[in-house]
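What follows is a group of structures, each given as structure tokens.
In the two complexes that follow, chain A is the common piece, with chain B as its partner first and chain C second.
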Partner chain A sequence: MLACLCTVLWHLPAVPALNRTGDPGPGPSIQKTYDLTRYLEHQLRSLAGTYLNYLGPPFNEPDFNPPRLGAETLPRATVNLDVWQNLSDKLRLTQNYEAYSHLLCYLRGLNRQAATAELRRSLAHFCTSLQGLLGSIAGVMAALGYPLPQPLPGTEPTWSPDPAHSDFLQKMDDFWLLKELQTWLWRSAKDFNRLKKKMQPPAAAVTLRLEAHGF
Partner chain B sequence: MVFQIEISRINTSNVIWVDYYSTTVKWNQVLHWSWESELPLECATHFVRIRSRVDDARVPEPRFWSNWSSWKEVNEQNSLGHKASSVFPVDKLVEEGSNVTICYISRSHQNNVSCYLDGVRMHVEQLDPNVSAFHVNNVAFVRETGTNIFCEMDPKDDAGTVLFVSKVLEEPKDFSCETQDFKTLHCTWDPGSDTSLVRKQPYQSYTLFESFSGEKRLCEHKNWCDWQIAQDSQEMYNFTLVAENYLRKRSVNILFNLTHRVRPMTPKVFFKNISATNATMTWRVHSTGNHRTLLCQIELHGEGKVIQHNASIKVNGEYLLSELEPDTQYMARVHCGDANHFWKWSEWSGENFTTLEAAPSEAPDVWRDVKSELGNRTVTLFWKPLSKSHANGKIRFYNVIVENLDKPSELEPVPIPAPANHTKLALDQCSYRIHVTANNSVGTSPASVIVISGDPGNQVEEERVNVTADGFSLSWKPQSGDVTGYVVEWCDRPQDGSCDLQWENLGPNTTSTVISSDAFRPGVRYNFRIYGISTKRIAYLLEQKTGYSQELAPLVNPQVVMSNLTSHSFTLSWKDYPTETQRSFIRGYHVYLKPKEGQCHPGFEKAALSDNSVCCKYKIDKPEQKTFVVENLQPESIYEFFVTPFTSVGEGPLDAFTKVTTPDEHSHLLIRIILPTVFCVVLIMIVCYLNSQWMKEKCYPDIPDPYKSSVLSLIKSKENPHLTIMSVKDCIPDAIEVINKPEGSKIQFSGTRNSLTETEITKPAYLYLLPAEKNYSGPGPCICFENFTYNQAASNSGSCGHVPVPPTAPSQRGLLTSLENLLKALEKNYMNSQGEIPAGETTLNYVSQLASPMSGDKDSLPTDPPVPALCSEYKMQMAIPLGLASPPLSENSSVSSVTLLDQGDHHH
Partner chain C sequence: MPAGRPGPAAQSARRPPPPLPLLLLCVLGAPRAGSGADTAVISPQDPTLLIGSSLQATCSVHGDPPGATAEGLYWTLNGRRLPRELSRVLNASTLALALANLNGSRQQSGDNLVCHARDGSILAGSCLYVGLPPEKPFNISCWSKNMKDLTCRWTPGAQGETFLHTNYSLKYKLRWYGQDNTCEEYHTVGPHSCHIPKDLALFTPYEIWVEATNRLGSARSDVLTLDILDVVTTDPPPDVHVSRVGGLEDQLSVRWVSPPALKDFLFQAKYQIRYRVEDSVDWKVVDDVSNQTSCRLAGLKPGTVYFVQVRCNPFGIYGSKKAGIWSEWSHPTAASTPRSERPGPGGGACEPRGGEPSSGPVRRELKQFLGWLKKHAYCSNLSFRLYDQWRAWMQKSHKTRNQHRTSGSCPRADAARREVLPDKL
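Up next, the complex of A and B:
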């Protein structure tokens, strides 16, 4: 019995939950990414209000829901619940990374066309924050050992006015860009919350080991 | 030729437009005619046809129209493309104020169509099942991203468009060109409204044309443009500025000679030779070509004033700024213009400079306050800081020189650092001349001289001062002789004790002034003293005045004392207020009296108080009168009175009335009789009390003196002629009876413990006497006496009379004698508790009542009764001669109240 207890004590430093000096793992960076998505959600709420007012009615009306005509190229955040629940960590992170890569490009295009300096400043600030989120996701992926998705050469998404598009359709695209970005941030919060819970170290590990050894 | 053109909409029979177009035609020439439809062509099918006729005077009449061409259909509905619905026109750019028709086309039949222009629902007209339209008149600019038009219908099929409404392009205003260096022409204008629209129309462009040179330049900026002057010295220029956007052009033109559009460059300014009152300003204007003459304006700003000078220069300018104030900061600036063909002033160019300090130019204004105390005088010198124009710099210190006029002495200046404004000097009764100078870094001011005379000065009557809207109006009698001026002195803050002495100097010809101060407050009394200043600089008090800037009603009433109350009158008296607390001049007093009946006493008049109650009022017109006798009162009546001062602005506050009840008319007579009577009775009682013993013995002794009794003579004569009176001295006492007089019931002690316990409880006055036994080896006998000091009856020698004396027991005589001795001894021992034992009575058993004679320990208490407790009671200490101690009496011989305990009962 005593020998068993000594063995347990000898192995205690090896228990991950108690080894505080070791690598913290991806947990903290997931938490930071989660916090960043919540912050961006809040920031976008203000920015979208300003931008939609700049576009004018009906885009700034709360119940306005135009057809998604020109916004098909935008990465869709909505997904079937079962599919979302069964997403692997790698795929979940990859989808997030790709989505924000595209959205960031589109958003920069939006910034270039903004007429007022104040709006340009707000958009630029948001782009910087979004760039930070992208880097944070890349950090989580690296911590988990997942490679970053490489964009195909020449497929850099752009958000420039399509000459064939009427200005009304352009505005609808802007509207959808902001709406999709809002949905993605909401989804990402869910994604990283799920990842956060999943990555939490099992607290009962020590107890279980003691039970196995001693009794 | 003349052409007639017809346009139909939707169907050919619906002709909406007929137009004629005349032109000279050539062979094989293609002609162009355009028409803009109010309704976008995408909204409906349009048809057009044309016919012609010769329109030449050379061709004789009749001239006939050709046949109509066939209808040409214009169908733009195909532009719907793959979309289910669309709104037209798409992204149309119009100017503010235009009229626009919008249509909504759908593939399906339209039902419940709603169209909104920037959120506002429009009235829609259905042109056909698939087309609806609405008209907008006088469109307004809303935002640079355009006005959104959005249409929806049932089933859901939404579409929209943006109508770009541009502001109307304005003609550039204030267009002008000028040169500073004959190399570049700088042209500026006011562009007016911004007509740009996001993703539709950029900011309007500006282009500069010069007609003489034929050159053109597209301006990069909204409101200015630079034009390079050619080397060939072109003098005349004709500029046209064209503003242009997608909708219109606007232009403005100017023609000028280059030399008339010269604006000199900004001068560069320097200062030199700055002194206390002068400074030289120099400036240089960089080349404007050909050394043109320039007109320059110099402005000197300082002390809140602006002084302007003009100068004509070529390139370098210099100007002497004179009559400046010492130690003053100035700002001088200059700008120049072309003297020959003035166009515009150059930019101002200026610098700050400060003149140097100079010695103060005026003596400080000095005044003094003299306070005499015990033969010494404390003189406080006050001075006002010199004005900036007189200080000529920063005053660093004041020099005070005190010169004794009675005893010549060495003069030593006392420097007092600025910014002090007063100093105190302790002077004796001599006369002193005091010099005060102000000093800055450059020099000393003229001295201000004031003489403090040894003469204490005269006292003057205080007068009241007049108050006007401007302040206190003071006037005084002109002084003949050597008065060099007057000084009016007052305290700005007399109310808080700090005084804050102020003064005003006035010329010798002035006999009045008005004193005003922001510090003056209503309800505060201000005292003004007017001094005349002699040629020797001695100040003489001329007049003293007092007054209020605004009188206020009194806040307090005097403390009234009522005296001399009789049944018909009483006197009211009160003291004066301190002058400082008076808020106005008291003109008299009002005495209010509430009479018993409604009638007022003579001299009183009915008055209503501020609380609407009515009472009687007596007015005392003399403020110095501080007493008032209320007369004609009813005896045994209640009166209420109240005294308040009155002033020019009202009387004091309404206080509580003091009640007074007049006494009965005869009460004073009673007092005169009863008081002496009571006094006499008390006196008699005191005398009687003091002589009560003597009275008792004389009047009713306890033991009548047999020698004085008439009974004895009767017995002698009738029964026994030898009968004599026994003398107490002849008796030998064998027992002592002490009567316990205070106790109601006398207890017979049987010598048992139980009886003793009872005795302790009841605490009778008793005396224990033990037989004297020389061989007594036990604990010393304890003799306890009741403190007869507090038992008057027992201490009385007369108590001996209660001892029963059987007439047939001669031995009793000795007892009585011994008893008398004992009593004498007791009497002595009342006074001498220790050490004063009479001679012959040396054998005494003395027991201290305080010291316990028992030496046993506490453990033995149960077997050794706590007898010492009997002795530890506080009793007067006495000594009894052992020889007088009687042997124990038999139980039979004992009498009530006599207790002689045997040894077995008491262990001491």
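Up next, the complex of A and C:
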């Protein structure tokens, strides 16, 4: 199912941004957010590689697909194409903002005592970058006049390792966290590209570009 | 693919985007039935074992999915399927495994022992921690930068390979009183190091030791007793300048400033200078430069670029009888000696002239001179001035020697030289 939806997302058009004269509006911050998602995607690739090697095989094998047991509370990036295309700007941005808030929280709680100091540093560095992305999304929302989503009382995501979760289950949780992060970053690139397109004058040239992603 | 869960597309197909509060619920994840966590259980769960020990494990399948039995189940360890002969079916719902003579864990996060269903899907997993208890850390060495902090390094016992994550904790206390303190800033200068940034007492020795702990046990190093004042190091001397000495083609003058951080404390600094030719890796070291901030390098090649560095040792700080610890070398400073103005051996006179820019004869003479000095003088400070005088004298006598040589009377020249030397000096 995941693979099928990803194939669908691959064929979405990607449009280069055009500079507009006069008031730039939210354009530059949308572009910046887009750039940030690509940068984070790149950073995540190397972090995930190292982390999965630390978890050991089979977690670092390319076609590894364990059951999603503890990962129920992770925000899911995969979404029906029609739904995705018809999202309002506000919803689109809100979904992104909330997803990364949760993901950042989970990442911070990734309390891998046994991880090497270097791995812990990489994780901390990535969290900082992710915080930057959150700020950037908030900037776009503010520029467009949308309020930042406030967490409902009692739903504040305070993730801590489930005490009932064995070490192996925790490894699976970690695996799915990284996977979901990856998927969200791919999706966000598309989200912000779409927003960019919307903010531009209609005479913009449309070029279809197929982007290939491998898991 | 894991069984028994509806995909996300099936749920949200052809529905308008839900309003915000409901969306939040979706994002946080409404509880789902049949999470699959109860599919099977491995026992023991996340055990810790010594290298070489054996393990008996079981995978017990539960009712969900219905009809699941132990038939067709199999084990993998770190992604590799285990040989059939290691497992056996205990009863309808339990598969057992017997592993012997276990090797150390492949990764510190634990070996991944997984129980699979017939179709390859994962039913349950357990992390095996196989390793050794830590050995005694040793070789603790510490240094204090300008008496403000303390950095310590140690060597883990058994080359650190315990296969398990081993936690090192550096502890310290004042020798005759005070409680144990734990260092907090690790990995400052390598994997086995720690930095204590403040609240250090002088004049009373500290006791320092390292504790190593992992899942299989702990070990403690011997206690190192030290006085902060005995392990002081400082910054490299700032403002190192290297310049030519007039037109002298085989000398360079090095000047520096004493490290400012310790200028308020009484100490006799010791310095070391090292220098090398631009495209060489061999450094020459000038030792024994005591409590001065300049030095002259001699016997250098003319027309050559030299790199020079200086470092400092806060010897005898606050009356400590011991040498401190050498600072880092200063950033390399470069300078070049003037080119030789005298024509090379190929041009001019036919016979080889003694004492010319080719380093051999000059160095020989310098050696002779310094040897003489060592016997007759104790202050190395005076050597270079005297050396200049001597060189000037040598150049003069060299001219006379040549005149004599062309007329073929070398012995007389040597004799003349020997006569003149003691008088001049």
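A few comments on the model shown:
Going forward, the second predicted complex is superposed on the first by the 169 of 215 C-alpha atoms of A that agree within 3 Å, B and C clash if a C-alpha of one lies under 4 Å from a C-alpha of the other, contacts with A are read in each partner's own complex, and residues count from 1 in each chain.
One rule holds in what follows: contacts are C-beta pairs under 8 Å (C-beta built on N, C-alpha and C of every residue); 3 or more make two chains touch, one makes a residue touch a chain.
In this text, all values refer to a predicted model and were calculated from it rather than measured experimentally.
Superposition model on chain A: chain B and chain C are shown in a clashing arrangement. By the document's definition of touching, of the two partners only chain C reaches A:E98; chain B does not. When the two structures are aligned on the shared chain, A:L87 is found in touch with chain C, with no touch to chain B.
When both complexes are overlaid on chain A, the residue A:A117 reaches chain C alone and has no touch with chain B. After overlaying the two complexes on the shared chain, residue contacts for A:K32 are found with neither chain B nor chain C. Of the two partner chains, chain C is the only one touched by A:R76; chain B is not. Using the contact criterion defined above for the overlaid structures, shared-chain residue A:P149 touches chain C, although it does not reach chain B. Once the two complexes are overlaid on the shared chain, A:R68 sits against chain C while remaining clear of chain B.
When chain B and chain C are set side by side, the one touching more residues of chain A is C. The superposed model places chain C right into chain B at 348-356; the other stretches listed in 24-32, 60-68, 312-320 or 348-356 stay free of clashes. Counting contacts by the rule stated earlier, residues 54-59, 61, 66-67, 113, 115, 166-168, 171-172 of chain A appear in both its interface with chain B and its interface with chain C. The residues of chain A lying in touch with chain B in their complex are 54-59, 61, 66-67, 113, 115, 161, 166-168, 170-172. Chain contact summary for the complex, chain C toward chain A: residues 1-2, 5, 7-9, 12-17, 20-21, 23-24, 27-29, 31-32, 35-37, 39, 42, 45-46, 76, 78-80, 106-112, 114, 121-122, 124-127, 165, 186-187, 191. Against chain A, in their complex, chain B makes its touches with residues 87, 90-91, 116, 118-119, 142-150, 158-162, 164, 196, 198-200.
Contact residues of chain A toward chain C in the complex are 1, 4-5, 53-59, 61, 65-70, 72-76, 78-80, 82-83, 86-88, 91, 94-95, 98-99, 102, 112-117, 149, 152, 155, 157, 166-169, 171-172.
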